[in-house]
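Notes follow the structure.
Here the chain labels run A, B and C in written order, and each chain numbers its own residues starting at 1.
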Amino acid sequence: MNNLDSSILSLVTFIPAAGALLLMLIPRRDRDIRIFALIISLLTFCLSLYLPAYFHRTQVGFHYEVNQQWVTSPNIHYHMGLDGISLWLVLLTTFLTPLCVLISWKSIHERVKEFFILLLVLETAMIGVFLALDLFLFYFFWESTLIPMALLIGVYGHGRKIYAAVKFFLFTMIASVFMLAALLWLYAKTGSFDFVTIQNAIHSGRVPGFEAAAPWLFLGFFVAFAVKVPLFPLHTWLPDAHVEAPTAGSVLLAGVMLKMGTYGMLRFNLGLFPEQSRSNAPWIMILALIGIIYGALVAMVQPNMKKVIAYSSVSHLGFVVLGIFSFTQAGLDGAMFVMLAHGVATGGLFMLAGILYERKHTYEIKDMGGLATPMPTYATFFLVVVLASVGLPLLNGFVGEFLVLAGAFQNRPVYGILGATGVIWSACYLLWMYQRVFYGKVTHPENNSLPDLDAREQLALWPAVIAAVVMGVAPLLWLNIIDPAVATALVPFAQVASKVVGQ
Amino acid sequence: MSTPQIIPVSSDYIRILPEIVLSVFGMIIMLLDPLMDEERSQRTLGIIGLVGALAGLMATWFMGQDPGMAFWNMIRVDGFSVFFHFLILSIGAVVILTSYEYMAVQRIRAGEYYGLILFGMVGMCLMTSAVELVLIFIALEISSISTYILAGFRRRSATSSESSLKYFLLGSFATAFFLYGVAMMFGATGSTNIDVISAALRSNSIPVLAYVAMALMFVGLGFKIAAAPFHIWTPDVYEGAPAPIVGFMSTAPKAATFAVLLRLVFEANAPGRFWLVWVSAALSMTIGNLAALVQTNVKRLLAYSSIAHAGYMLVAFAAAPELGTSAVMFYAASYAAMNVGAFAVVSHLAGAGERHVTLEDYAGLGRRSPTLAAVLTIFLISLIGIPITGGFFAKFYVFSAALSANLVWLTLIGVINSAIGAYYYLKIIVVMYMRDAREEMSVPPVSWGVATALVISLAATIYLGVLPQSVLGFAQRSAKVLVQQPDAPITAGPAPIPAVHSTN
Amino acid sequence: MTGPLMILALLSAVGGFIPVEHFLEPVFGHGEVAAAAETASASLETTLKFVSVGVAGLGIFLAWLLYYKHRDLPQKIADSLGSFYQTVAHKYYIDEIYAALFVKPLVEGSTDILWHGVDQGVIDAAVNDSAVGARHASDAARHMQSGNLRSYAGWVAAGGAVVIAYMIWMGVAR
């Protein structure tokens, strides 16, 4: 068990990439390719289950660390590590990928090999982002997610896919070069890329010229993450990218990649620049609130179902940012939980939308209507996922949003109140969409013959639904690990921490 | 009182062994060319050319075993010059490999082509080990004249002749600036030897003439590396010249000229360089990237991109000597790998008469020829500067060198430019994968020469991206030696001929 | 459907007589509060029983009268009450007021102001305009290439002149 400890992170990260390399050698038999991709992604998921199983809650700092010199000059290390904050995000990634493989089984029928190669490479890059503890390595994995996702959108998407792919790529890349400048500055002044080393250097004041540069460094990192989250007003790449992407692309984009931004804010902005975080928090929280309400209101009036879900992501991630910058135990716990809950719920929503697209080749709500009649099982799955997204108690959305609002309220009551209205708005747009799509009479006669879910689609949806329910009724299973890590992250903030998780 | 030596010693010849080997092979080619008949000559002469380049590589290794001065302190063999020798010879070998298929398709009578490449490499290699300004000038001219002729090799095409003539006229104009600068420097410091010049320039009062000399030399050298504001020739010349030669021109002479610049700036400690380099770097990056955005001709697009990359390399010049030198060396190596590879693909796809060099012709390449498209995509990704490729580390080292010297604004301009620059490389990737070809043009199968060239470039690009340490370490050690040079005593080699310093 | 209705009807009729206090003890306790309120007296209890049954009976009688015996009566009552009847029939127009006051502004505001106005008009327009701007700058840069050899030489000479002038200035300033 001991030697697995030191190599488990590398295994989890690179097995998908190894699978992608092997896929290049497999001859073009579509069925074999799909099965192989499924096996690889399931293997990664099973391996990643090791991580929470052997996670010692009492151990402070990073777990399963591996730290080896990669390049001596500049001083880059292959330093990967896990703590309560990144553990569940890694699991979210490995959980969603097999589901994506299942959901793309029939919908991708051309250039199948390249699709799954890109998907697996993307999985490696995303896992690497969450595990990297060396700033250079982090940037390396961060940039590596761009090309696979851009290709997935641009080649396998529909509609204005090229516009969406290029917009996504350029928007994100231009924002992340500011992060590159910031981390190069930190390297130039501290001689190391290591996160822990830099954090210690900053806190003990050993970084020359830090006071003058800190606001800019904070902004450099923040801009890159803010575009990814996305935070209003840098969110306009999201609707285009989400809508035109293939289903698997949308699931991973919404389910995991957006969390890369919020994870970055938590780990780097709060971890490295606590002073600047505190001083910038007011306008950031206002932007988050605007995002929550604006995202919800715009979602309400979208005629395209996927756009509704896309704007709902803007709204939900606003909650996350609100929680993070409230600097309270409850707020951060809630933010982490919303990240996970949103990943599961919105991933489910996109999968459901994709299933409908396979049948009708349209996302327009006006082409639907009364679908509960021909597709009752589908309607039920959809209802559960919608309610999870709305934040109904007993489902996972509620726990996270409640904690975030508690934290926001502690920070400043008016923020909590405004944020709480977000729950109302999300019910508005989601339930209204659900009603227009499923309830009432079947408005278009051709919808009467739509086939209900088959076994494969159900196999892809059940895990998401079960996860939504289990997370909703037993959130402590997750919060037990998140809470101590959050407490450590909040140490520089020394606010009155509300005790969320007993003992 | 010792009699001055007027006959070079044997170790002198070893220190120019690569140049000798290349010249010999070049002359063999020129002699054999009229003796052989057209059909078989291309094959044979091409092989001889390749053998010559490989022999040059071996000679370089041999030369590197015994570093030191040669030919009355006119030539210095050190890690720095060995690095550039390897680089230039490898570029030459890969370009020769690419050319076999190209020449056959274009139906150009090979002959002098391979000889000229070898002669050009003689000049470029000599430039990197010369520490005597006049010798640098001679080497510069050797390399330039070879490339002038090579640019016009597609004799049946008007654009090729136009590009050759433009290159020749403007190049001579710029080299004249350089020569005048050399003369000024002699007037200012009393010597044309870089070591002596550097000692003179380290004194407290630097004559104005030295500044003017530096300016003039910068004009000449700036022209060759295609730095703004002397970049104006690049798009036209690159568009007309044969594609493998563009790959050669954009990498090898650039690397050699950067070596000369490195010697001048850091070894000779040229005065007043900071703002000059700063402005030139910023302008090159901006103009190169902006103009490339709307290009539809792939060769022209890559020409503007090479202006931008010259800008990135110049950024390192504004930084500290040691860091800057190693960053430039690494950048030269990785840029060579990705650019030569990209042009190999362009040469292969160009077709007879170079008909297919616009973006339209690349549409749907992902479907027509997936391997070729994937290979080109990796080179383009490296040019953008995305991780796993050499291009990423290259940009990274340059920008960290700049930040270590507190050049925040220049770094910001640099990183924003690389982000903007991503657009036109991405455009090619988009066209290849996301658009469909209008008519079903089939891509001819890749010949062994192009395939070998692509494999070498691809391997180099990825190697530099995943394990940059070995190359970078070598560059850093060489840089250290270069920068400390004026303080180190002039080692092996005979005493300089008094005649050089007699007149005043 | 009738089966369950029958069961419900039966329980409705006799359910009140089934003693359930003991069963409900975990929730309501042993009835201490009820015992304390006992003083409200049995007479009040009996009165309330008769009043509620009476009201129910009155309702049944009215329904029989209006919808069975004199079927034209409801229409006559409605006509005589006029607009008041209309208002009540339309649930005091609360739905319409709500729609006009809250739903319509919200939906239209979101569509016109937030979606088309801000999202597409301001943010997306800024992004797309910057792309157009980059294209114009690119065109400007590329038109520097006139193709004319002498102008190229002019550029080199001009650049050289600037560089030389700067360097002279640097040299003299030292």
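By our rule, contacts are C-beta pairs under 8 Å (C-beta built on N, C-alpha and C of every residue); 3 or more make two chains touch, one makes a residue touch a chain.
Keep in mind the model is a prediction, meaning the values are calculated, not measured.
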Contact-richer chain pair [B-C vs A-C]: B-C
Most centrally placed chain, judged by C-alpha centres: A
Longest centre-to-centre distance from chain A, chain (CA-based): B
Chain A-chain B separation of Cα centroids, rounded to whole Å: 44
Computed distance of Cα centres, chain C from chain B, in Å: 66
Centre distance in Å when chain A and chain C are each reduced to the mean of their C-alpha atoms: 27
Residues of chain C touching at least two other chains: none
Where chain B touches two or more other chains at once, by residue number: 420, 423
Chain C-touching residues of chain B, taken from the complex the two chains share: 165-166, 169-170, 173-174, 177, 205-212, 214-216, 218-219, 222-223, 228-230, 232-233, 235-236, 271-272, 275-276, 287, 290-295, 420, 423
For the chain A and chain C complex, residues of the former touching the latter: 167, 171, 233, 235-236, 294, 297-298, 300-302
Footprint of chain A on chain C - complex, ascending: 106-107, 109-111, 114-115, 118-119, 122-124, 127
Interface residues, chain A side, partner chain B - complex: 70-74, 111, 114, 136, 139-141, 143-144, 146-147, 150-151, 154-155, 161-162, 165-166, 169-170, 173-174, 177-178, 180-181, 184-185, 187-188
Of all residues in chain B, those that touch chain A in their complex: 366-367, 370, 381, 386-388, 392, 396-397, 399-400, 403-404, 408, 411-412, 415-416, 418-420, 422-423, 426, 429-430, 433-435, 468-469, 472-473, 476
